[in-house]
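Below you'll find the structures, each written out as C-alpha cells.
Here come two complexes built around chain A, the first alongside chain B, the second alongside chain C.
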Partner chain A sequence: MKLTLRPIFLGLFIFWLFFPFVSIILWSIGTGWRFPAMLPESYSLRGYKIAFDPSGDIIKGIITSTIIAILVGTIATVIGSAAGRAIAMYTFRFKKAFQFLVLAPLIVPGLAVTMGIQVLFIKYGLSDSLQGVVLAHLIPTIPYVVMIMSGTFANFDKSYEEQGSVLGASRLIVLRKITLPIVIPGLAVSFLFAFVISWSEYILTLLVGGGTVKTLPLVLFSYLRGSDLPLVGAASIVFMIPPLILLRFTSKYLVGRTSSVTGLGTI
Partner chain B sequence: MRLEKATVPTPFFILNKIKLHKRSSERKATWLILPTFIILTLLFVGGFFFGILQSFGYFSVIDNSSDGISLDAYRVAFSSDVVRSGIILTFRVALLSTLLSTVVALAISLMISRTKRFQSILIAITQFNIPIPHVVAATGILLTFSQSGIISRLAYKLGFIDSTSEFPIITNDPFGYGIILSYLWKEIPFLCILILGALRGPVTQLDETAKTLGASYGYRLRKITLPYIFPSILSGTIIVFAFSFGSYEVPFILGEPYPSTVSVVAYQFYTNRDLAYRPVAMALATITSLVIGLLVYFYMKITQQESRKK
Partner chain C sequence: MSAQIKIENIEKSFGENKVLKGINLNVESGQLVSILGSSGCGKTTLLRIVAGLEKATSGHIFFNGEIQDLIPVEKRSIAMVFQKALLFPSMTIGENVAFSLRAAKNVPKNIDAKVKEMLELVRLPGFENRRPGELSGGQEQRVSLARALMRNPKILLLDEPLSALDANLRVEMRSFIREIHDSFEMATLFVTHDQEEAMAISDKIAFMDSGILEQFDTPEMFISEPDSRKVAKFFGCLNIFSGSITNNIFSSDFEEFNLIAESHSVGNALAARQEDLEILNEKITNSFPAQIISWQYAGSRIMVTCEALNRDRNTKTLVFVETDRFADFSANKSIYIAYNPSRLHVIPRGE
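After this line comes the complex of A and B, so read on.
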C-alpha cells in the first residue's frame, strides 16, 4: 500500500512545483491566447525582445539588481560569518542578548523597521540612493548568514588552525589555506541566501530607493499593473535566471553530506 | 554520602594563563561581532524604536513642534474597519500557510528520505524553487489559478465549467486562497530543505542501528527521527509564520484592495498623501511586530516544555 502511494504523492508534489513555471513560460511566448484555448494560438518572442532591449527598463533593472545583490551578498556574508564564528566558538558577555538581536530581524517584518528608519535615511541623504538600499537589504540578510555560519562553525575543529599557526603559518595563510576551505560550503549557502533575498526584495527597495533605484522587482511590479501578460511572463523568466544560475553552483552544499542549512534549524 | 570533588590547587601561573586566555577570547569575540552589532543596532533597533516614537506622534514629519506623546494613531488603527478585517485576513493567511506547509513539507521530506533510487533528483527538484523570488511565485500562481488561468481552461476542457465566471475566485479573493497558495509554493520546499538537511545528519546512523536491532519504522519515526528533526521544524515554522505574517509583495499581487493584509494596509497609510496617517502606519507596524514577537515567544515556550516532557 505504502509503496504505491509514495510515488503518487511525490509525483503530485513535483507537478505542483512545476505547474506555475509552465504557466509563466507559456504566457511569455504566447500571443492571442483567449480563454478556452489550452495552448496559445501563436507564438512570438515579443516579450523577450522588449525585455532584452538594451535601453529598456529590464536591462537597467538587471544591472542595478546585480550590483545591489552582489554588494549585499558579499557584505552580509563577510560580516555575518564573523558573528557566526563568535557565536559558535567563543563565550562572551551578553551572548544571549546578541543572539536575540541577530534573530529579531527574522521575526519583525522588514517593512515595519524600514518605515521607522526612513526619516533618518532622508535626514542623512541615504534615501533614493543605492547605498541606502544596500544598507536596508542588510537587515533581512545578515540574520540568515549568522545562523548558517554559526551552524557551520559549530562543527569546525579549531585544532586545525592551531596546528597551522604552531607550524609557523601567518594568520592570513591560516585563514586562506585552512579556515576558508573548511567553511566554504557555509559561505556559499550564505551568499546564495543573502543574494536571493536582496534580489527578490521589493518593498524595502521601494521605500528607501523611492523609485529612483529601479531594481528588477520594481520593474516587474510596474508590468503587473498593466495587462501585457507576455511581457510579465518574459520579465519573470529573466528575473529568475540569475538566482537559478547561483543555485546551480551552490546546490551541492544545501543538502549534501555537508548540509549547510542546519544552522537555520537552531532558533 | 556525597562525594566531594577533589580540589587540587591550581598553580598561580596557570590560573593567570586561563584568565588571560578568557580575556583574549572575549576580545576576539567582540571584534568578530562588532560589525553585525553596529549595523543591526543602528538600522534594525534604530528603525524599530523610531517607528514606535513616530507611532506616538513623536518626531512627526509634519510638525516638529508636536506636543508630545499621544495614542491617537492607535485609536485610529483599532477603530478602522480596514485594519480590523486586515488583521483577520493576516492571521488566517499566516496560520494556514504555516500549518499546511509544515505538514506537507514533513510528509514530503520523510517520503524523499525513504526513496532510494531517485533521492538526489528529488532533492534537486525540491531545491529548484528556493531561489525563485516571491514576486515571480505570485505571478506564477496568478497565471495558473486566475479565472482565465490554465487550471480554469483545464476545467472548461473537462466540462466542469462553461465560462470563466463559473470558475471559483482563487486569486485576488477575499479569503486569501491565492496568497496562501503562493506561500505554500515557496515555503514547502524551504521547509523540506531544512528537514532534509537535518535528516542527513548523525540521525541516519542512529536509525540504522535501531533498524538492525529490529525497531519498526513507526517506532523509529516516533522515538528517533521526529525528536531529532524537531528543532529544525520549530525554527522553520517560526521563520515561515513571521514571514507570511509580515510580508508585503505576495498579498499585494494576489490579494484584494479590501480586505488586505496588515502589511499592505500599513503601507497604504504610510504613502497616504495626508501625512497625518503616517503615525497610524507606524502604529500598525509596531502592533504587528509585537504580535509576531509574542506569538513566537509563547510558541517557543510551549514547544520547549513539550520537548522536555519527552
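After this line comes the complex of A and C, so read on.
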C-alpha cells in the first residue's frame, strides 16, 4: 500500500512545486488566455521584448537590484561572519543576550523595525537613497549569516590557525590562506541567502527607498497592478534568473553534511 | 653559552586555577627533552607558552639568551608539531610543506627543490601533488614534521605528535623523530604522557605533576633514583615502603633494610623495584620472609604478589617481585625475598 501511494504523493508534490512556474511561463508567452481555456489562444514574445528593452524599467530595476543585493550580500557576509565566529568560538559576558539581539530581527515583525529605522534614516538623510536601502536590507539578512557562520565556525578547528602562526604566517596570511579556504562553503551559502533575501525584499525597499530606489520587486509590483499579464509573466521569469544562477554556483555547498548547512539547524 | 631554551619561573593561571607553579627548565642545543606527565599536569600549557600561543601569568622564556615574552608567535624562531597533523585541507602536500617559505616576507628561490628534498628526508618522495586526505595517519604526521622543519628551526616543539597513531607506528615514528632531531642539531621539547616513549627518545625527561616540575633528569635516573614517591610510581615502581633511616639502615614496617655503606641518604620512603627483588626458598643475608599470594604473566615476565608480616604481627605489607624464571609460586607458600642494597633507593621526598 505504502509503495503504491509513494509515486502519487511524489507526483502531487512536484506538481505543487512546479505548477506556478508552468503557469508563469505560459502567462509570459501567451495572449488572449481566458477562463475556462486550458491553454492560451496564441503565443508571442511581446512581454520579453518589453522586459529586455534597455531603456525600460525592468533592466534598470535589474541593475539597481543587482547592485543592492551584491552590496548587501557582501556586507552581511563580512559582519555576520565576525559575529558568527564570536558566538561559535569564544566565551564572553552576556553572550546569550548578544545571540538574542543578533537573531531578534527574525522574530520581531520586519515592518515594525522598518517604521522605527525610517524615522532615524530620515533624520540622517539616508531615506530615499541606495545606501539607506542597503543598510535596511542588512537587518533581515545579517541574522541568517550569523546562524550559518556560527554553524561553520563551530566545526572549525582553531588549531589550523595556530599551526599557521607557528609556521611564521602573519594574521592576514593565516586568514587568507588557511581560514578562508576552510570556511568558504559557509561564506558562499551566507552570500546566497543574503543576496536572495535582499533581491526579493519589497516592504523595506518601498519604505526606505521611498519610490526613488526602484528595485525589480518594486517594478514588478507596479506591473502587477496594471493588467498586462504577459509583461508580468516575463518580468517574473527575469526576476527568477539571477538567484537561480547564484544557486547554480553555491548548490554544492547546500547539500550533504557541510558545516554551513548545519548552522541552519538553529533557525 | 646560554641554553637554547630557558624557561624561568613560569607560572600560569586560568582564572582561579593555577596550572603551572614556577617552572624552571633549560634545554641545550642538540638536546631532546621530554615533558612527561599525566593529562592535566600542565605540560601542553607549558609548551604553548614556549611557542607563544599562550601568555604566562609570570616568568620568562629565553631563546639563546634572548627574552621572548613580547615576541609574537609568528616571529619566534620555532617549529611546532601538534597532536593532529593539521595539514591545510585546501593545499596539496607540496604546498603544505612549502607554507612557511611562501608565508615569509622574502620568499626564497627554489622552493620546489627544497620541498622535494624535505619530503625525501621524511621518506615520502614524490608526494608533492597528493592531497592531505589521501595519506595515512603516520604519513600525515611526517608531512607535518617536514612542514615544520622547512623553517630550519633551532627549536622544535612537539605536542604529543604520536598519540593519535597506533602502537606499532608510534614505536617506528619515535626513532624517526630522534633521527631527525639528531640531524638538525636542534633543541627539542617533546610533550608526552607515555613514559615508555619518553624513556626511549629523550636525553632528559622533565616530569610534571599538578603544575610542578617534580624531577628533571636523565631517563635512567627516573628508574634508579626517583626524587619523589609520585615519580617512582609513575615510572612503575610497585614497592614503595614508608619508614625511617638510622645508621644506614632503613626501618620499614616489616623489615630493616641494609643500605650501602657509603649511602648518606635522607628520606622516609624506600623504593625497591620489583625486577630487582628475587624469590628464594632459603634465607640469605639481605632477605626477608614473606608469603606468596598469587602470580600472573606480565608480558613475557611473571609478576608475583607476596605479603610480608609486619612487626606488629597483625598487619601485612604487599611486596611485588618480577621475575623471568618460572618456579613453584603456589599460594600461601613461604619464601624469602632477597634484595641488593645497591639497588635500593631512598626517596628524598617521600611525602
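Simple rule for what comes next: the second predicted complex is superposed on the first by the 264 of 267 C-alpha atoms of A that agree within 3 Å, B and C clash if a C-alpha of one lies under 4 Å from a C-alpha of the other, contacts with A are read in each partner's own complex, and residues count from 1 in each chain.
Definition applied: contacts are C-beta pairs under 8 Å (C-beta built on N, C-alpha and C of every residue); 3 or more make two chains touch, one makes a residue touch a chain.
It should be emphasised that the depicted structure is a prediction, and the values quoted were computed from it without experimental measurement.
Novice: Touch test for A:Ile178: chain B only (first), chain C only (second), both, or neither?
Specialist: A:Ile178 sits against chain C, while chain B stays out of touch.
Novice: After the superposition on A, what does A:Trp27 contact: first (chain B), second (chain C), both or neither?
Specialist: A:Trp27 sits against chain B, while chain C stays out of touch.
Novice: Can A:Leu254 be said to touch chain B (first), chain C (second), both, or neither?
Specialist: The first partner, chain B, only.
Novice: Quick one: is A:Ile63 in contact with chain B, with chain C, with both, or with neither? Answer first, second, both or neither.
Specialist: neither
Novice: Which chain, chain B or chain C, is in touch with more residues of chain A?
Specialist: B
Novice: State whether A:Ile241 touches chain B only (first), chain C only (second), both chains, or neither.
Specialist: After superposing on A, A:Ile241 lies clear of both chain B and chain C.
Novice: Check chain A for residues that touch chain B in one structure and chain C in the other, and list them.
Specialist: none
Novice: Considering the complex alone, what residue numbers of chain A touch chain C?
Specialist: Residues 157, 159-160, 162-171, 173, 177-178, 181-182 of chain A touch chain C in their complex.
Novice: In their complex, what parts of chain C are in touch with chain A?
Specialist: Residues 51, 53, 72-76, 78-80, 82, 84, 86, 88-91, 99-100, 103-104, 147-148, 151, 157 of chain C touch chain A in their complex.
Novice: Please name which positions on chain B make contact with chain A in the complex.
Specialist: Contacts found on chain B: 25-26, 28-33, 35-37, 39-41, 43-52, 54, 59, 61, 104, 107-108, 111-112, 114-115, 122-137, 139-141, 143-144, 148-150, 152-154, 156-157, 164, 185, 188-189, 193-194, 196-198, 200-201, 229, 231-236, 238-239, 242, 245-249, 253, 263, 266-267, 270, 281-282, 285-286, 288-289, 292-293, 296, 300.
Novice: Which residues of chain A touch chain B once you look at their complex with the stated criterion?
Specialist: So the residues of chain A touching chain B come out as 6, 9-10, 13-14, 16-17, 19-24, 26-27, 35-38, 79-80, 82-83, 85-87, 90-93, 98, 101-102, 104-117, 119-120, 135-136, 138-139, 142, 146, 192, 196, 199-200, 202-203, 217, 220-221, 224, 229, 232-233, 236, 239-240, 243-244, 246-247, 251, 254-257, 259-262, 264-267.
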